[in-house]
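Look for chain A in each of the two complexes below; its partner is chain B in the first and chain C in the second.
Entry: the complex of A and B
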């Protein structure tokens, strides 16, 4: 799906837990997520802290969208 | 000759420990066969024996690759095997990646032959087919009846050091290796024959399949995200409560498009996941953990982004064929363009 969206001309960032799969699939902008059943959350935290963590990931994804990339790029911390 | 000693790797599901709710169990080793190992052992007809089975949860492996590799390697060493087998993983993505990863590690570190088995569209196949023998299987565990004998036969050959023939003969996924062989007819004659068959519309088999590259070049970055319309897409199966369009829990044949104009937050009352490939407890409890509507709504209010697109697109990514996924996205990407969406955040579990 990532590739088809990119092909349509829209920049796309893939937030995903298993980065090697995303690389194989062909995503160009990749932001590693937290865990498979909760990529953008952490149920061990209280809701306020958890939302902060989620916001951090989303902001990182937005930054990735604002960054020119040549090829596949993983946006680590 | 002594019996060939084999260590077998399987996931928590095939070990009978449990499904997704148990996918985070750590690696353990057990003497002898567990689950599908019995079918393999039966095929060995006394020539080889599974001396131990390593079991590891798919999520644990993929979320802790380095630790898992080290732990499992230690377990394998203790049994001093002649051969290592992982799977079959069929079309289970994380299981396939785990099988490929651990096989490569064993091959590189312990220097013994390794083999795994999976469906050709399993992401693990694409990642490891060049380095490993991967016996091709059907896309679901229903194919165990044919997969187990094929894997066992191949494993025996490999352990005995017999020559491994072409992929089409031996049943493994092509690794892109070319071998010099003698043919009756010279190349020019074979090429012309092929061309004539092609012109006549008859069948011909190429001797050198062109590699299939399908990378899409990245689009230019967004200049000013505070003016951009951002859309959410997910393969994590988030749907309105009750899954109104009945999106399948795996091998999805459709996607959903849902209005989030009225939502500042996804809650246990409003949304859930239809995905059958991960433990749904956390996503059902708060779907923002997969589809971050709450945070994007805040960022929209604060002017960090221009606008959150009023529709999100969703499907379940597990076992869904590449063909279907491509078809879904090709269709909705057009709508996104028409709707003036500038950027997409796609989330996957």
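Entry: the complex of A and C
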């Protein structure tokens, strides 16, 4: 899906836990997620803390979307 | 570490007043087994049934399959840290009721249990159509949580298997196989000219009922470590897994790991089989990185020339498999990976979720998406009312006449990634 949307000219950020798979399938902007059963959150945290984690991920993804890349890029912290 | 494995060949199983082995027949006392399993307050009822090769019987939903084994001599007991004290096993003598399997059934997850047909086309795909199966259909008490039900069913299977196995304690085995692994330095001195080969044994540990235990430890909490191969034969590794039936390793698969068996067969001839490295398949990327780093590190530390890496399950564990392969190869050690495929019903899609050019020696257990029609059976052990939801099934899988159209994914052991099946592929 990442590749097809990009083919249509729209940049994509892939938020993904297993970065190596994302690299294998050919995503260009990759933001590492939390864990496979809960990529965008962490049930071990209390709701207030978890919201911070979630917001951070989304903001990071939006920044990645604005960033020019030359080939596949993983946006680490 | 040296283990004698005495195989008592069992050719029939029957219900009787006492549990015993006589002239190749296993007799089991049904009531005794029921009473023992009902000691667990989480279990409401249990039905014991027998299934034999060639019968028109379908067993489902299958949770686990276990081979009855008993320690005759040497320290520890079968399933250490779980059914016996946590003493290191793998030495002395163990008796096996060969040809018998304990099969536990229950609708624990519903979509992640399996099917065993004792005859017909489905029987060709599972090794457990050839065993004499003592089946336990386990119903939980009302309101029991899924993970508690899993634990209860898991323990019931081990309890039953260990109890039945005791019947073989004083029976003279039909054959005795001897397996021995020496401490690394001795082993290298013994066969200085043979290539040193190790086995990287990946265990399913994704959590949420996808778990494997090592000496009672939940394997998602381990870092990769080394076992003597014979420890595995004594139940050091056991399944707590509810995952697609075709490529989960049941406890029986662990006890009879064919990769270990075959490496032993060639040990001292053309290879030096020095040991087993166990590792896990976790759901955090950092865990995957750490475990594959450590696995590669241990391969190098053991001085391996080659490693066989086997996977369990599919999907994101494909990445653990490829990471292991890549990192071990990068240290100059040759690898062969053993996996299976989800290549679509026509076999035309990409087989694994991850890939790398270093994975240039691959053994497959077959394509799990292949569709099969399982004809109706006269007898059902368990229940059928969940088959539309089973992994590999679809809406309408169960037909009104009792036949099932589904992917071979639904059959216990169909594409096993230890090679405990008949399917594979060859390319030239």
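Here is the rule we go by: the second predicted complex is superposed on the first by the 77 of 77 C-alpha atoms of A that agree within 3 Å, B and C clash if a C-alpha of one lies under 4 Å from a C-alpha of the other, contacts with A are read in each partner's own complex, and residues count from 1 in each chain.
In this section, contacts are C-beta pairs under 8 Å (C-beta built on N, C-alpha and C of every residue); 3 or more make two chains touch, one makes a residue touch a chain.
Since the model is a prediction, treat every value here as computed from it, not as a measurement.
Contact with chain B, but none with chain C, is seen for A:5 once the two complexes are overlaid on the shared chain. Of the two partner chains placed around the shared chain by superposition, chain C is the only one that A:32 touches, whereas chain B remains out of contact. Looking at the superposition, the partner that touches the larger set of chain A residues, chain B or chain C, turns out to be B. In the superposition on chain A, A:62 contacts chain B only, with no contact to chain C.
Of the two partner chains, chain B and chain C are each touched by A:18. Comparing the two interfaces of chain A, the one with chain B and the one with chain C have residues 17-18, 20-21, 24, 35-37 in common. Taken in their complex, chain C has these residues touching chain A: 206-208, 283-285, 288, 316, 318-319, 322-323, 353-356.
Taken together, the chain A residues at the contact with chain C in this complex read 17-21, 24, 32, 34-37. In the complex of the two chains, the chain B residues touching chain A come out as 20, 23, 59, 62-63, 93-94, 97, 123, 126-127, 214-223, 225, 228, 230, 233, 235-236, 278-283, 285-286, 288-292, 294-296, 298-299, 304-305, 315, 325-326, 328-330, 333-334, 336-337, 341-349. Listed in rising order, the residues of chain A touching chain B in the complex are 1-18, 20-22, 24-29, 33, 35-41, 43, 50-51, 54-55, 57-59, 61-62, 65-71, 73.
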